[in-house]
Every structure is written in C-alpha cells, then in structure tokens.
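Which chain is which? They are A, B, C, D, E and F, in the order written, and residues in each are numbered from 1.
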Amino acid sequence: MDTSNTPELSALVDTAGLGLSAVVAGLRTSREVTNKIRYRGEIRELPSREAMHKLLQHLQAALFPTHYGHTDLSDETIDYFVGSQLNTGLSILKEQVRRSLYFSSDLQEDAPLREQAARITRDFAHQLPAVRDVLVSDIQAAYHGDPAASSISEILLCYPGTTAIIYHRLAHALHQLGAPLLARLIADIAHSATGIDIHPAAQIGPSFFIDHGTGVVIGETTIIGRNVRLYQAVTLGAKRFPQEPDGSLVKGIPRHPIVEDDVVVYAGATLLGRITIGRGSVIGGNVWLTHSVPAGSNVSQAEMLSDCRQP
Amino acid sequence: MDTSNTPELSALVDTAGLGLSAVVAGLRTSREVTNKIRYRGEIRELPSREAMHKLLQHLQAALFPTHYGHTDLSDETIDYFVGSQLNTGLSILKEQVRRSLYFSSDLQEDAPLREQAARITRDFAHQLPAVRDVLVSDIQAAYHGDPAASSISEILLCYPGTTAIIYHRLAHALHQLGAPLLARLIADIAHSATGIDIHPAAQIGPSFFIDHGTGVVIGETTIIGRNVRLYQAVTLGAKRFPQEPDGSLVKGIPRHPIVEDDVVVYAGATLLGRITIGRGSVIGGNVWLTHSVPAGSNVSQAEMLSDCRQP
Amino acid sequence: MDTSNTPELSALVDTAGLGLSAVVAGLRTSREVTNKIRYRGEIRELPSREAMHKLLQHLQAALFPTHYGHTDLSDETIDYFVGSQLNTGLSILKEQVRRSLYFSSDLQEDAPLREQAARITRDFAHQLPAVRDVLVSDIQAAYHGDPAASSISEILLCYPGTTAIIYHRLAHALHQLGAPLLARLIADIAHSATGIDIHPAAQIGPSFFIDHGTGVVIGETTIIGRNVRLYQAVTLGAKRFPQEPDGSLVKGIPRHPIVEDDVVVYAGATLLGRITIGRGSVIGGNVWLTHSVPAGSNVSQAEMLSDCRQP
Amino acid sequence: MDTSNTPELSALVDTAGLGLSAVVAGLRTSREVTNKIRYRGEIRELPSREAMHKLLQHLQAALFPTHYGHTDLSDETIDYFVGSQLNTGLSILKEQVRRSLYFSSDLQEDAPLREQAARITRDFAHQLPAVRDVLVSDIQAAYHGDPAASSISEILLCYPGTTAIIYHRLAHALHQLGAPLLARLIADIAHSATGIDIHPAAQIGPSFFIDHGTGVVIGETTIIGRNVRLYQAVTLGAKRFPQEPDGSLVKGIPRHPIVEDDVVVYAGATLLGRITIGRGSVIGGNVWLTHSVPAGSNVSQAEMLSDCRQP
Amino acid sequence: MDTSNTPELSALVDTAGLGLSAVVAGLRTSREVTNKIRYRGEIRELPSREAMHKLLQHLQAALFPTHYGHTDLSDETIDYFVGSQLNTGLSILKEQVRRSLYFSSDLQEDAPLREQAARITRDFAHQLPAVRDVLVSDIQAAYHGDPAASSISEILLCYPGTTAIIYHRLAHALHQLGAPLLARLIADIAHSATGIDIHPAAQIGPSFFIDHGTGVVIGETTIIGRNVRLYQAVTLGAKRFPQEPDGSLVKGIPRHPIVEDDVVVYAGATLLGRITIGRGSVIGGNVWLTHSVPAGSNVSQAEMLSDCRQP
Amino acid sequence: MDTSNTPELSALVDTAGLGLSAVVAGLRTSREVTNKIRYRGEIRELPSREAMHKLLQHLQAALFPTHYGHTDLSDETIDYFVGSQLNTGLSILKEQVRRSLYFSSDLQEDAPLREQAARITRDFAHQLPAVRDVLVSDIQAAYHGDPAASSISEILLCYPGTTAIIYHRLAHALHQLGAPLLARLIADIAHSATGIDIHPAAQIGPSFFIDHGTGVVIGETTIIGRNVRLYQAVTLGAKRFPQEPDGSLVKGIPRHPIVEDDVVVYAGATLLGRITIGRGSVIGGNVWLTHSVPAGSNVSQAEMLSDCRQP
C-alpha cells in the first residue's frame, strides 16, 4: 500500500522516553520471585472492594430506606424500593461470595461453589430483618447515651458509631455464614470511614453504642454483652501473643476481653487479654487493665494512681 | 421493643399516592399475556448495548491509538497501551459473545458455549490487523475523494463515514464468525451516531468512502467492490419482498444490489433489487434504478427525465 | 493582620487576559435587548432534557425489564424492579410536569400546579400497561415485516424504529394529558437517537413499524391506522402553510395525511397535505403524493413517470 | 527472599489464551506500513472530541444560561454564572486551539503557537455577544416559521435545527479565526446529534431556520442570505468535482449554491453547483435544480414534470 | 393477542430463588414495630449527606479558589468563579436548610420555612468573608506552629487540621444560625476525612492549629481562646454525665473545658469537665487533667508521676 | 431587533436575593489583605489532590495487578496491563512534578523544569521494582505478625497498614527525588484513608508492619530499622521544639526516635525525641518514653508504675 502522500496518520516519535520496558520487566521479575507457588488451572478472581462498597450502600438503603435510600418514599412505594435494593445488593453479594469461596477453596469445579454462594447469600438475606431489629436497639442506645444527641435521624446520619455498628453486624453475619474475607473487607471499609476497627468475628450484643469512636479497636475473639457503651480510643485487645515452637504466632485462640452487660468503658481505656469485665462495671478513661474485675466495679486511673500513692 | 420515645426513625406517611401497585400488576399482566412461551431452567442474560459501546471504544483505541486513545503515546509505550485496550475489550467481547450464543442456543450446558465464545473472540482478535489495513485504505479513499478534506486526522476525527465503516468492518467480522446479534447491535450504534445504516452482513471491499452519509441504507445481501464512493441518502435496498405461502416474508435470499469496483453513487440515488452496477459506473443524484447497468454506465436523473421528454 | 512572611497563599497574577468582563457585559446586553417582557415574581424553572433522558430510561426498564433493565431478573424479583423503576421515573416526571405547567401557566400559586402535576403523572402511570400492550403489537409487526429480523430481542435491542415508537407512544400520552412541552422533548430525544421525527400529537394505531427510519418525518396532525409500515425518508407532511392576514402562519389546523389501515409506504415517499391514503394501499419509493388515493391503490414512481411519458 | 509459605500473592495461571502478543505485533506492523512519514521531535497531541463536547456545553450555557445552564439563576447571580462558564469553556478552547495549531504547523517552537492560540481564543470570545444576537434572530425565525411551535423555549429545548445553527455559528467563527479542524469537529458533533451536516465554512445570514432537518447537507462554499428557511433532506451541494491533471480533486473552489434572502427550500430538494437562487424564491419539495433561478421564482416538481409533459 | 410465534420476548424463569418477598416483609415488620409514631401529612425529606459534600466543595472553592477550585484563575476571572461557586453552593444549602427546618419543625406550612431557610442561607453567606479571615489566621498559625511545614500551600493542601478547622468554622456558623443538623453532618464529614471530631457548637478563637489530629475530640460546650495549639488524640471532653431523676442524661449543660489564649496541649492529653486551662499554659503529652490550672501552668505526666513518687 | 412578541426567552426576575455581589467583594477583600506578596508573571498551577489519587491507583495496579488492578489477567496479558498502568500513571506524575517544581522554584523558564520533572519521573519509575520487593517483605511481615491474618490476599485487600506502607514507600521515593510537596499529598491521602500519619521523609526499613494503625504518628526525622512492628496509636514524635531567637520554631533538625531492627512497640506507646530504641526491644502499651533504651529492653507501663511504687 502506497501511503507516501498521507502524512499524519500517526504522529508518534522516538522520544528518549522513560525506559518503560525495563520497569515492566523489573516488576515481572519481582512478581516471579515472590510467587513460587502458583495455582494451576483457571485464573481465580479476587473479591472487589468497590463491589463491596456498592453492596453496603444497597443494604443500608434496604435496611433504613428513608435515611440511606431515597427520601421521597411513601407507604405505597417503599417495598418496591426495598425489594429492588435487596435484589441488586444480593446479586452483587452472590458473585463476591462465589469469588471468595473459589479463592479459598481447593475445588476445581465451579457448580458446587456457585450453589454454596447462593446458599450463603440466601441465608444472609433472611437474617436481615433480625439484624435490623438489633440495629434499632443500637440506635436507641446512642440516643439515650449521648447528651448531645437531639434526634434519631441525627444518629443515623451523623454518628460514625452508627456506620461502624451497621457494617459490623452485616460483616459478622457474613463471617458466621462462611465468607470471612468479605467480612474483613467490610470491616476495613468501616475502619477507613470511621476510625473504628472491629474484627468481624467479634460478638456484640444489642443496644451497643460507641461515641466519637476514633481509635477504637475490638479484637477477633471479643465478646460483648447487652447495653455496652464505649468511647473513643478504647482497646479491647490481646496481650502479647503466645508463639508456636517455630516462633510463629498461635492463631485463633481466645485472647480478647469478655465485656458483660451494662458496662461503660471511657475514652482511651485499654483492656487486654481474656479478662472478664463484670456486669455493670464502669472503666474510667485511660485505664490500663489486664485482669478481670467483678460485676459493679468502678475502675479509674485516679484509683490506680492512688494505689500507687499509698503503698 | 418499646420505641415510644424515639420519634422520627421513619418519616413515612400515608399519601394518596399513585396507585403504583395497580400499575405494576398491569405491567405484569401485559408481560404474561405476551410471553406464552418461556424458557425453562436458568435465566438467560441478554447482550448489553452499553457493554458493546465500551467494546467499540476499546477496539477503536487499539486500532488507531493516537486518534481514539491517548494522544501522548510514544513508540516506547504504544504497544502496552494497545495490548491493554485489547485485553479489556476482548474480555468484554467474550462475555457478550457468550450471552449471545447462550441466548440463541438450545444448549443447556454452559461449558461448550464458553469455549465457543472464547474461540470466536480469539478468531476475531486475530483478524484485527487485517481489518486495520482495510480501514486505512478506506481513510485514504476519503482523503482522495473529498475536496474539502484537509488531513487524514480530520477524516479520522470528524467524518461520520469513518465511524460507519470502522464499526461496519468490526460488525461484519463478528457476523461472519457467528455472533450476528452483537453485529446488529454494533450496526445500530453506528446508525444512531451517523445516520448511516449498514447491515452487518453486507460485503464491502477496500477503499470504501461514504460522504456526509445521513440516510444511507445498505441492505443485508449487498455486495460492494473496491474503491466505491457513496453520498448521503443513497439506498442499496430490496424491492418488494417475496412472500411465503402463509403471507410471511421470505428471509435470507439475495435481494440487494451488487456494486462493482470504482463505482460512484451520488446523493439520494435509490438502487433496488439484485441488480448489478457495472465497474466504473457513475449513478447520478436522486436516480431511481431497479435494473442492472453495464460497466462504465453514466446514469443521471436528467437522462431519465430526457427519456421521459423524448419518448 | 501581618502576612508579610506568608508568601504564596495565592499565586494570582495580572495577566493580559481575555477581557472577560467585556464579553460578560456584551452577553448581558444581548439578553436584555431580547427580553423586553419579563415575568414578575418567582424564577420559573424550565424542564430539563437530562431529567427527561433519565425518565425514559426508567420507563423503558419498567416496560421491558429484561431488555432495558437488569438482565438477571427472576419471577421473584421482577415486580420489585419494575415498581422501583416506576417509582423513580414517575417522581422525576412529576417534577418535570410541574415545571412545564408552571412555565406555561399564568398562575402565581404553586399548590394547584403541584396537584395538577400529580394528577397528570398518575394518569400517565395508569396508561402504561395499555401502552405496553400496543408496543408489543408494534414489535411483532417489526418481526413480521422485516425479512432480516431474526428474533424479537434483536428488534428490541437493535432497531431504531423500536426506540422511535416506544418514545412516541410515551410522548403522545403526555401530550394528550396536557404536558406538550415534555412530549416535544421526548420526541426530540428520539429524533436525535434515531433520525426519526414524529410529532407527539400524531395519532398512530397499533402494529406500526418503521424500517431503517432515518429521515422519516410525521407531522402534528397525522392520523395513522393499524398495521402500517413505513421505510426510511418517508415524509407525512404539510403542504405550504396558510397565512394569517398579518402574514404569520395559521397554527393547529389539520394539514397532514390520514393513512388508513394496512398501508405500506416505501422509502423516500413524500405525502403532503390533508390527504387520505386508503386502506391497504402501497405507496412506492420516492413517490410524491399530494392527493388522496382510494383503498387498495398501488402508487409507484414508475407509474407517475409513465403518466409523464404518455400524456 | 524466602516466600515459600506465602501461597497466593498472585493467582496467575498459564491459560491457553488469546495469543494477544501476535495481535499487538500485527497492529504494530499495520501502523508501521501506513506511517512512512513521521514527525521528528515531540509528540503532537491531537484535539479531543470529548473536550470539544464540554466546550460546547459551556458555551451554550454562557449564551442561553436559563435554557442550557442552571434554571435557578437570578439577575443577581447570572453574570457570575456566565463568566464562570466562559472562563472554563475558553480555557478548554485555548488548549484545543493550541493543539490544532501545533498539529497543522511546521513550527517547532511552542511559545508562538501558544500566543496565537490565546489570540484566537480572545477574538472568539469577543464575537460571542454578536453571535448571540444572530442566534436570537434564528430562534425567532423558527418561532414564526413553524406553525407547530408554541413557545421560544420549545424551540430552544426541542428543535434539532436550533442545535445545528448554534453549533454552526460557533464553528464558523472558529473557522474564520484560523482553527478549521476544531470547527469541523463541532460540525460533526452537530451532525451526529441532529442529522444536519453544515460545513463550518458555509456563510449563513441571520434569521435562518431548518425545520426537522434530518439529511440536510450544506456544502463548504455555500452562501445563504437573510431569512432563509430549509426543510429536511435539502442538499446545497456540489456537482461532480473538477479533477487535477493527476486525477485528484481540485480543492477549495466555489462549487456550492448562493441562496439569496427570503428563500424557502422545501424537503428533499437538491440544489447543486455554483448556482444562485434569487431573492424570495420558493423551491418545492424533491426539486432537482442545477441552474440559477431569478428572484421570486417558484420552482416545483410538478412544474418540472409538466415541463416534461409538454415538451 | 396471539403471540404464539414470538418466542423470546422475555426470558424469565422460575428459579428456586432467594425468597425475597419474605425478606421484604420481614423488613417491613421491623420498620413498623419501630415506628409507632409517624408524621401525618406530607413526606418529610431528610437532608442529604451527598448534597452537604458538594456544598463543602463549592464553599471551599469559593473561600480558597486557587487551592480548592481551579488552578488557572486570573484576577480577571476569579470573581466570576467565586460568584458561581457561591451561587451553586448556596442554592444547595438553601434546600438542605429547608429540609432540616421542615424535619425538626411542627409547622405544616411550607412558605414560612422556605423564608426562614432563605434567611439563614443569606446570613450564612454574609459571614463567609469574616470566616475566611479567621481561617487565614488558622493557616498562619499552622505555618508557624509546625517545624515540618514548608509553605502555606502545603498547609492548605496536605494538613488534615486545615480541613477540620475549615469545616468546623462553616459548621459552627450554621449551628449558630439555626441549622444544627446540617452542622452535625458537616462535622461528621470532617471527622471521617481527618479523624478529628469537633462538635459544631464548640467555640474556637482565631489562630487555632491541630497537628496530626487523629483522635482529637472537642466537645459541645468547649470554649477555646486565641492562638491555641493541639496535637493528636487530645480530648476536651466531659466527665461522667449527670443523670435526670428518670436515669436519662441531662442534656445541654456546660460540661467541657475552657481553654484560654496561647495554650498548647500535647498529644494524648485528656482534659475533662468544665475546667479552665489558664492563659499560656502548656499541657504535656498523655496528661489526664480534671481540674483547672492557672495561667502559665506547665503540666506534664512526669510531674504527675513525681507527685506520686514523693507523697 | 423587535422582540416584543417573543415572550419567554428568559424568565429571570428581580428577586430580593442573597446580596451575592457583597459576599464576592468581601471575599476579594479578604484575599487581597492576605496576599501582599504576589508572584509576577505567569499563573502557577498547584498540584492536584485528585490527580495524585489517580496516580496512586495506577501505581498500585502496576505494583500488584491482580489485587488492585483487573482480576482477570493472565501471564499473556499482565505485562500489557502493567505497562499501560505505568504509562498513564507516570504521565500524570510528570505533570504533577512539573507543577510542584514550578511552584517552589524561582525559575521563570519552563523548559528546565520540564526536563527536571521528566528526570524525577524516570528515576521514580526505575525504583518501582525495588519498592515492590520491599513491599512484599512488609506484606509477609504482616502475615507473620498478626495471628488473625489468614491469607496474603486478606492483607493486601483489608489491612490499613498495607495501604499506609505502600503509600509511604512511594511518597518517600518522591521525597528523596526532590518532589516533597507531592510526597506530602500522598502522605495525607494515606492518613485520611487509614488514620496512620507517616511523614514522607521518615526512613523505614523492610518487613515493617503496623497493625490496626489508627492514630499512629511517625515524624519527619524518624529512622526505623528492619522487621519493626507497631500497633495503633503509637507516636514516634518530637519533644517540645527548640525555638529560634525570634521565637519561631527551628526547622529540619533530627528530633524523632531511631528504632533499631526487630523492635515491637505496642498500642498507645509514645516515644519522643532523638532517642534510640535498641535492637530487639519491646515497648509496652501506653508507655511514655523520652530516653534511649539499650538493645533487648523490655519496657512496660507496669514497670514504670512499679518504679513509682518503690521509690
């Protein structure tokens, strides 16, 4: 083809350039060095953070349609809206569950994983009304627990603790149903938005309220009763971790606190290890606690320092 | 749960409303009446116009990266860009082919259709360099055929005929490979953007140029040679359709013109039926032609009217 | 406030510049000259083309949910989807109707216009099932009328005539209910997407099919019967317009054709004035017709030229 | 680095694959064959269709702020809105003009082209008030010329002819100022949206109205007077093109009609060559005209056929 | 309508499914149980977090146009930009204020609330120049207070404390003007972005700087003087809350610290209750302080522990 | 132009309004007061936070393509994807570096800054493979250091510490290469997403892991060895800052801790000043440390309190 008189079909030039191919090759080498073990067979797709984000928006809209969905819903239209949000959200969820199962499974066959994903999604869907009931108790606990709160809507729209507990209860349900990676993704989305870091395996009773919340950490094996209130920077953590003989950390053993009903833990308190905080106790701000306390205890930094003062 | 003091969790009201449920029921009835025959088994997903739109953008960027892709590509980077556009585009295509196969197939099994979709996609990919070569001939034909054209880039960026022929050549390849529904979708996207309506089954030789283009119609069984030029509102159509004994139209028989090499057809000309326009002919504007003409013919309305004038 | 040591809070400079203020002033003058008459009182918001676009997407999804909505709907979920699409679409419509009423009304009060907008929206909603029934007849007419059509889905997804008739039937309903400006907006959206220009006031019977379609024009007072088929570039137009004594054109009088049942009009035919095309007639391509023809007529350019030939 | 116990850092697998590298190489070969001549030196960026789209939206909003911009502007706020739209639009334009100049220039230095781009942009800006005045005359012509038009707003919001003439007057200004490639881009954007194809070099007087418009073509050297009205599918085109001795088409010579003041051209008429349509003439539908007609002519197909009838 | 030969208009199937209707019904029950009290009459729309997000972007762009708006503004264009940002932002604000008023009001009439919303919006707008002046003092305080700061632009673009104080001053203005729910929404948006939690009712003097900031909590009734500097994780909080006879918390009473001019509070310090930190005091890191200290105090954990050491 | 019968071209009205021009003028005054010193000459564009956001997404996708990029990459396609991500990302980076250089430079000429920006970008690109190698060591450290971690993918997808260290290593490279403002922007983006605040100048060795992370602050001159683990709310900060004679803070001197290899610092510990934490030390939760400790130290709050108890 004679193209001598078609001057500018492409205007590319030899520029000195970035040496891009060397960088691409370097990254390939880096990947190969760090990937000695590879899956054989099909490519395994990973769950998508963006998809989980969308899922959460659909679920929030289905749970509290007038606050997180459309604001112009009527009795006549609300069920259509809720059903449609669920339909879209659950179809996202089913695909993400499938990916997470596929990723962590040794199975080569697709069909059983699809069935399992469908079952988990269905079970999750049927837990949603109960999850909503508990969330309503949490929102009421916030209303009663914060003297600055002036309405339920303010709590739904403006409290980071609300986002944290909604996301946790959804993540926990997924964790229990066998989708732990998705549960962790939700927990990290909540953490990024609120500064509140709750492991999805943590068990939390109804009427739970976290005020302010930044810096709160609630560990994997924590158990929290009914009507518990936490403030910012409270840690329910593990003490130093037991090691396996080979030096690696022992995984999965109970190592976080049990907090019984009606406990309040003020800001900055650190509760470490498998200790029990007895029913109705009040743990003061900045307290550092590594032993159990009986029901009705009132632990404050002042007392700890006064222990110090009068030996 | 006593919620008597949580006033505004939901602000819904009984409004007179739209009677939405009656409309939903009415639409359901309408669907049921018109859907006597239903597929049993799985839901069959339809191809998506939006996905085909994206596919076309990726393919155009892969074919002409400096005009339809990034404008800041260098020799060093261009292959990465092209490869990445192809990768994304072809993975969209594979899914859409799968859907279109599944839709039109009686097969209940997924695996063979996936394999067929992969094969069609691969074959399509390997035709792209040859498709590009032919498109370059089309663009050069435009440059030489339009006295108003001042550069190749103007033809790539500003000519509806360019869009029409790029989309047609891609659609035609898919049509030949066994994805006719996707091919039709591409043709309709081109039609909507340019006013040029080319059936994807039409066979068109290299160095083809349509100027202005609005209203051009090129039918399913049309055959066009090399170096043909058309103007706006040209129809290469069928005459009245033969009917089956039951009154329905006979489908698939050759019924559109054969246009040989080096023919020019001016604006508004209507060429109908399985006629042959001989090599090198010129068909004047608004001419209405339902019989073949030999090579080198020069048909104009004036002559037809003069025929009329001097019977 | 001493800011002498905060160097770069703003990096603005006196550039020679565009003389923007002169342009703004010039445009203000242009607006003022052309706006001698102004509304007193509140600003009147205009309907939004973008909102009407969204409305059409929601309505199409509600009418044909598996083709224009989600493709993964099941019997269990489809009504939620349809209801939700309607809810969103109709709430857009209500606001746009309100704006269009407000715009064309002399009323200063808001409440009656809101009520009227709600009533028009409700009436429109309740017409949708019947509109869908007629659209199904149109789609079947396309399937039977085009030998290249291979499936109903192809007609729904790939035919510009489908878009044109769906949008027209929706626009016509709004026109009849008292929202003519919105109806015109829909008609123009359809025109831009398909090249088919149907005035929303035109009355069109069931089983209507336009093939290819680019350049079709159907005027305001046209009446079309059942089972009519048109091809591209057909005009159902007015002849020269009668003028008022002051030279302005007389508006609103019947001036476009009546096309009876079972008529076919081939490409490029021009039918002008309040003529009647009798039932079952066939009007050939490029025919120019300004007088009525009886039922069963078969009018072709050839005949007209032969008229010419044998005077 | 020992990574033997980090199993899934990457889940890639050797799939049979698409043979993508062969396709990329094939496309590279195709590009190299067609690009014998290359620019040396810097990469030259091409103007962007998407940027021109945005530019047009900003300019339309600046020209008719209540129709194409915000609908809630008041006397107090409108100049801020207009100034801000201009600022954004003109800064897009300046960059696109720079690219188009750079592209078509032999200059290697950046600074003079930037200055030239700034000057063209500034001159364009200062023409906008006058452009708006002429557009207002066009809109009034539409209101007076279409018996179906019921308000000025309907013409601004719903008429394809309005879009076509706004875009043309902007494109023409750019063409005159020395940015012909950008002007062509605007013309093609208008063509795609409306089916109306006006070359940006065409000269069109005030009070111009195109009704319906699909298929209208107005060629490069056309000259149109005041108060002219066209209908759909009108062509103001060239006759067959004179050729250079080498067979290529002669570019740039006057070859399209001159249409004087107060002319009406009805649908489908084709006017070809450097003919003059005298002031106040009426050209009937479907007329094919290749010679000049004096002022006050009334040309109709009927007459042409009657000429034919009575030779 | 006989549709027996139109096979695939809908491809829906009876799948086993999710049991979606049971979930929708369960969620409806959950809503009904928790919503004993309902508003009668119209639906009350809630303020939108997304709208407040956009509002903040427009206001930031209006306050610091070269940093948060366009970067290519000149003296000639900047006022148009600022005016346009204000216009868009304030029109969003007016609607959101209206919703928040309507939500918290017993009024059934719309007009007075619209007027009140307009008045609040106007008053807010006229405070913006003064708000900007104070913000400039805050930014200068950051520049002087952080040895790592190298430019004012770095502080505007990269410091979470900057976002926190800009949003707080805007939220505080809205709180004072009678839009407390919107103010809380802004505070929570700031909290989520920065980890800094300032109640919008808190009163903060000029030249305020928070470094790093994560975990800072400033309570509702806090009063902060001029030229105060805080570090991360500082709490200005309440001690345990007094209860009403019925056990609920007493709302609204002064319960947070008063911090006088020129005070520095280092990271992790906790200041609780209605105490006064005298002018020019320095509070050391991690200090726990529940009593007032006089002007010029220098409180450090070391001293507190040394108190403990030498009883 | 007589427009008396074109009623509604603009529907603007004199409303009472916002007094917007007074606000615009007030903001202008505020800007002028605070901008005594201005750059002469061209407008200097600031780096864009949004552009840096996109850059980070492209770089993450290039570094870990299966986790942050597409999930359907094969060996065949991955290098195209990586190369394309790098190409887009680095071209964003080059422009942002140019802006940051221009902003902080006294140079009036553009060319040397463009060259410097290209050089910094190229050098940065060539560091990416090494940066990836170190990041892999960090991810492995997380896997080994957190008993709750169940897979490498979980760490890549769900751990805020992963985001923080990826962004830090990229920011640190830019800081070292001479683009400190961009480095700070990246650090603040990481801070906002994770609550972890690492100054880009901080030097951090391989195999670094931060668990939970909210509230961690790592100062400008910090030096961290290999295999160090931090928990939430750890501060590696400066003590009170030395002042210049004029009262301003001395900038740039080493003032943050040196943390040697194999150190663990538990949650809430505060390490201040240019102290050295000897190799292998363990610093307990909430410890307040302002002096160096030798290798192998084990510092806990309990011990500090016991010091207090037994003077």
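To be clear about the criterion, contacts are C-beta pairs under 8 Å (C-beta built on N, C-alpha and C of every residue); 3 or more make two chains touch, one makes a residue touch a chain.
Going by UniProt, the chains are A, B, C, D, E, F = Serine acetyltransferase.
Given the structure is predicted, the values throughout are model-derived calculations rather than measurements.
*Asks:* Steps needed, at minimum, to get from subunit A (Serine acetyltransferase) to subunit F (Serine acetyltransferase) via touching chains?
*Replies:* So the least number of steps between the two chains is 1.
*Asks:* Quick check on subunit E (Serine acetyltransferase) against subunit F (Serine acetyltransferase): do more than half of the interface residue numbers occur in both copies, making it same, or fewer, making it different?
*Replies:* Different: when the shared numbers are divided by all numbers used, the fraction is under half.
*Asks:* Return the chain whose centre of C-alpha atoms lies at maximal distance from the corresponding centre of subunit A (Serine acetyltransferase).
*Replies:* Comparing chain centres, D lies farthest from subunit A (Serine acetyltransferase).
*Asks:* With residue numbering as the guide, point to the option in A-F, A-C or A-B that repeats C-D in over half of the contact pairs.
*Replies:* A-F
*Asks:* Report the chain whose CA-based centre is farthest from the CA-based centre of subunit B (Serine acetyltransferase).
*Replies:* Ranked by distance of C-alpha centres from subunit B (Serine acetyltransferase), the top chain is E.
*Asks:* Roughly how big is the turn, in degrees to the nearest 5, that lines up subunit A (Serine acetyltransferase) with subunit C (Serine acetyltransferase) by CA atoms?
*Replies:* 180
*Asks:* Could you work out how far the Cα centre of subunit B (Serine acetyltransferase) sits from that of subunit C (Serine acetyltransferase), in whole Å?
*Replies:* 24
*Asks:* Counting in whole Å, what is the centre-to-centre distance of subunit B (Serine acetyltransferase) and subunit F (Serine acetyltransferase), each centre being its mean C-alpha position?
*Replies:* Taking the mean C-alpha position of each chain, the two centres sit 49 Å apart.
*Asks:* Provide the C-alpha centroid distance between subunit C (Serine acetyltransferase) and subunit F (Serine acetyltransferase), rounded to the nearest whole angstrom.
*Replies:* A distance of 53 Å separates the two centres.
*Asks:* Any chance you could list the residues of subunit C (Serine acetyltransferase) touching two or more other chains?
*Replies:* Where subunit C (Serine acetyltransferase) meets two or more other chains at a single residue, that happens at 1, 3, 6-13, 15, 18-21, 24, 31, 33-34, 43, 46, 66, 72-74, 77-80, 82-83, 86-87, 103, 133, 136, 151, 153, 195, 214-215, 233, 268, 286, 308.
*Asks:* Mind pulling up the subunit C (Serine acetyltransferase) residues that touch subunit D (Serine acetyltransferase) in the complex?
*Replies:* That would be residues 18-24, 26-31, 33-34, 43, 45-49, 99, 103-104, 180-181, 184-185, 187-188, 191-192, 195, 197, 199, 214-215, 217, 219-220, 233, 235, 237-238, 240-241, 248-252, 255, 268, 270, 272, 286, 288, 304, 308, 311 of subunit C (Serine acetyltransferase).
*Asks:* Touching subunit A (Serine acetyltransferase) in the complex: which residues of subunit C (Serine acetyltransferase)?
*Replies:* 70, 72-73, 77, 79-88, 91
*Asks:* Which of the residues in subunit B (Serine acetyltransferase) end up touching subunit A (Serine acetyltransferase) in this complex?
*Replies:* For this pair, the touching residues of subunit B (Serine acetyltransferase) are 1, 3, 6-15, 17-21, 24, 66, 73-78, 80, 133, 136-137, 139-140, 143, 151-153, 156.
*Asks:* Using the touch rule from the top, collect the residues of subunit E (Serine acetyltransferase) that touch subunit F (Serine acetyltransferase) in their complex.
*Replies:* On the subunit E (Serine acetyltransferase) side, the touching residues are 62-63, 66-67, 71-74, 78-79, 82-83, 86-87, 90, 121-122, 125-126, 128-130, 132-133, 136, 144-148, 150-151, 153-154, 157-160, 193-195, 212, 214-215, 232-233, 266-268, 282, 285-286, 301, 305, 308-310.
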